[in-house]
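For reference, the structure is listed below as structure tokens.
Naming follows writing order (A, B, C, D, E and F), and every chain is counted from residue 1.
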Amino acid sequence: MRGLLVGRFQPFHEGHLAVVRELRAARPDDELILGVGSAQESYTWTNPFSSRERLEMISRALGEARVDRVLAIPIPDIQRHALWVRYVESLVPPFGRVYTNNPLTRLLFEEGGYSVEGPTLVDRARFEGATVRARLAEDREWTALVPPAVARYLDEIRAPARLAVLRAGATAPAGGSRG
Amino acid sequence: MRGLLVGRFQPFHEGHLAVVRELRAARPDDELILGVGSAQESYTWTNPFSSRERLEMISRALGEARVDRVLAIPIPDIQRHALWVRYVESLVPPFGRVYTNNPLTRLLFEEGGYSVEGPTLVDRARFEGATVRARLAEDREWTALVPPAVARYLDEIRAPARLAVLRAGATAPAGGSRG
Amino acid sequence: MRGLLVGRFQPFHEGHLAVVRELRAARPDDELILGVGSAQESYTWTNPFSSRERLEMISRALGEARVDRVLAIPIPDIQRHALWVRYVESLVPPFGRVYTNNPLTRLLFEEGGYSVEGPTLVDRARFEGATVRARLAEDREWTALVPPAVARYLDEIRAPARLAVLRAGATAPAGGSRG
Amino acid sequence: MRGLLVGRFQPFHEGHLAVVRELRAARPDDELILGVGSAQESYTWTNPFSSRERLEMISRALGEARVDRVLAIPIPDIQRHALWVRYVESLVPPFGRVYTNNPLTRLLFEEGGYSVEGPTLVDRARFEGATVRARLAEDREWTALVPPAVARYLDEIRAPARLAVLRAGATAPAGGSRG
Amino acid sequence: MRGLLVGRFQPFHEGHLAVVRELRAARPDDELILGVGSAQESYTWTNPFSSRERLEMISRALGEARVDRVLAIPIPDIQRHALWVRYVESLVPPFGRVYTNNPLTRLLFEEGGYSVEGPTLVDRARFEGATVRARLAEDREWTALVPPAVARYLDEIRAPARLAVLRAGATAPAGGSRG
Amino acid sequence: MRGLLVGRFQPFHEGHLAVVRELRAARPDDELILGVGSAQESYTWTNPFSSRERLEMISRALGEARVDRVLAIPIPDIQRHALWVRYVESLVPPFGRVYTNNPLTRLLFEEGGYSVEGPTLVDRARFEGATVRARLAEDREWTALVPPAVARYLDEIRAPARLAVLRAGATAPAGGSRG
């Protein structure tokens, strides 16, 4: 039986890796699907990295950590929450368990008939996407928050410079040069 | 001649019912269309209830209140305001009057050539969607704000639990478990 | 070689006109494309004017100022930033230079291989879309901020009344009469 | 318990009316929902009439035939069939039975857990949307195929002229004057 | 007063140029808008050229022919015909006349209150988009069908090779390598 | 370096498996991405199986054949071909080679700067999606055309019955019961 963990992984950090390790260790026979949410987004403050970049982070981090049997699948947003569980079902391979600590995700999957479990979070305050992004934007003490392979990749794609631009409150590119 | 009243009805409360009664009483020969706006939305703080649920609330409330000749029609959002009046026209049956107290709705329909009337609102501060939702989220003194049939229905679908989840600032499900 | 200047031009004000004059004067042989961003938007506080109205403002202002060889092209938003540069390329005629002072626009075009220049801005604080809109909404001291031909046009379409409605925090029309 | 009958009703013809009468007579206590499919379409050969026009036809025909307790609800298309049943559920009021003679509609609702019934069709070859549209396009012997009130309405909106244009293989308007 | 001529210009051929010349000559004081329809399409048999490429063809052809006061504006498709006229109005600058020989375009603009004229077509059978595309796909006797500047541009972008691929019945790229 | 093979895999058949084996054998150090095109489609004659079902077929077939280092990633369609290569890049992990025998896919990736190879096809006429689907619809001699694990899965989900319904020319569900 597969399990599903949905996240945006902006970026994929040590907290994510810890949860993935825990879930894989607890159920070694189960494949784990990482549903990469808001897959269509990139170059925004909340979603700075594209699906391409997030899948690459996950690939490198899991390779480095020698975690296998994990499938990362991009899930573009659908704007209709009442259809979301059925939409996810139609997109990723069959799964039987859902892991989430997000109360709305839990509610929707429970109303959809799934058994939902909340994985234990390690040091939640520290390992949180928003925190990692804020540190990246200041290029300050962020490398320890992500797996080493992800840190190298974020350097390669010059993530700190990108986050600095995005944090500056830049409007969408269509917003143009002068408002 | 039909009249059109556009709202989101999140949920359908006593203030809505009072306006509907008034409009039906003032023009007994006119059918009244309730345009259920943002029909594609659900499970968000601003739009917690699906079109299905809102149409059911309206059906039960009007049945209980013995108000007839009312057509409730879902209107999904269109993102282009300049087309909105024409879009509404293309979706619902022909109408000749528009009722609204929303200044933008008034402006758009007036520019579209309609005569617009502002129905008298009863106790606006109390009967407002946002207020009812806030009370629902706290499960506190909300039943008197909606028609009895709606109160029963909101209990059936466990609306207070849903609103509590949504008010907790839950991100979209695609936002996943950890940000 | 053509140059591209992307903006929303909400409305087209004296600051925009100054930049256009400067760019046309600096490179008299180059056509200049004005990419009118968020072209699908209108009747919102951030984007009160439709593409139709913005193209008309630009046409009148440039005619009055006797600036030629400028092409104004509407660019509706695409929600995927990673595709935005390629999307703009597919929509407007070929261009070789990009002018922008928006850091995200600069980043995206530079990653797309373009040379990007930041035009000198004249009196940025005064000539800013948000400022002009705020003054319009109060119908106070706004005429000097836009070219005379634009001022006359904004009067024709009763822009101050529209902005006053939009600034009042009006929700989308689908938000209806009572929330 | 409500029943649901999905169709496109292009136009609403005598065959549709016969089915509606039969279903209302067989289960007088059940409301009947007419789901007006492809509601966003109009001015094409397959979908010549807008939702507005189809809802008006239904309203006039049922008024003339004194059939009550029928709710006509527009259902714009969603492009993802795997989500379609859930989508319809989210849009129209709750229903317990589905009536259809379309094998794919039957399959999807059955896979969604519904009991599906196939209403008896009267003189299927004659009362079929495509036949009625072909006759309208030639303005030949079409009035007997639709309820009298619908015939009058189709005259009012000059349906034969519209169908003649559409049948001539006209491309979408964006297709322009010369291909 | 501006006039509007909507077409797809796939490609911009001698027939288009003749109509543009005629319209500019008949009303020298009127600007002419060329609405470039299906602007979002490219690399299909019916719409092989992007908006970028079509605007460039028009720019070169009109420069060569010394025709001025023509604005070419891309118009992406909107799927709702009932809104199409209003949509075009919202996108392009104000216009008062419409030129078309397409019966559906005529019908929609007439229902929208416009006066519509049908420009005289020169040698329709020869100068037709589909004919030009078929010749391009065979790289046979096509140069005389388009203005010289367009012929050179089509060579630059290797249009015959592209058309040959598209005509081979290639499915959309997402259709992949083997069906 | 990763390679990318785009297909719709409707269903995943022996021809697909042979290509995947060949590509993995030829470059054992390269991961292979299977881009599952038209991922949003299902329950149509051309795209009968959802992304969920196609990913499951691929997973079972590759497990059975003991082929590893293959990533299957759903790619929903984007309607703009000029953006397609950039779109695929943004969605799947980085890749350096493209494998395809589809001429349009080849053209687009070559124009995007990729080196494209055409894998050798085994018995193309026999192993083609359309052939497999036609046989499934008749429930006739189809099992040998797909890997054994896929044959069992197609039985589980009652694929022959589904294909029979779809082949019967069923219109979209929104097409409803009577046209």
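Just so we're on the same page, a residue touches a chain if its C-beta (ideal position, glycine included) is under 8 Å from a C-beta of that chain, and two chains touch if they have at least 3 such contacts.
It should be emphasised that the depicted structure is a prediction, and the values quoted were computed from it without experimental measurement.
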Joint neighbours of chain B and chain A, given as chain labels: C, D
Fraction-based call for chain F against chain E, same above half, different below: different
Distance from chain C to chain B - Cα centre to Cα centre, in angstrom: 35
Distance from chain F to chain A - Cα centre to Cα centre, in angstrom: 26
Inter-chain centre distance, chain A versus chain E - centres from mean C-alpha coordinates, in Å: 44
Two or more partner chains touched - positions in chain F: 42, 50, 52, 80, 82, 89-90
Touch-based graph of the chains, sorted into line, ring, star, complete or other: other
Contacting chain pairs - touch in the sense defined above: A-B, A-C, A-D, A-F, B-C, B-D, B-E, C-E, C-F, D-E, D-F, E-F
Contact footprint of chain A on chain B as seen in their complex: 40-44, 50, 52, 161-162, 165-166, 168, 170-179
Residues of chain A that touch chain F when the two form their complex: 39, 42, 50-52, 55-56, 59, 71, 73-74, 76, 89-94
Complex contacts: residues of chain C adjacent to chain F: 80, 82-83, 86-87, 90
Complex contact set, residues of chain B against chain C: 5-10, 15-16, 19, 35, 37-38, 75, 77, 79-82, 84, 99-105, 107-108, 119, 121, 124, 127-130
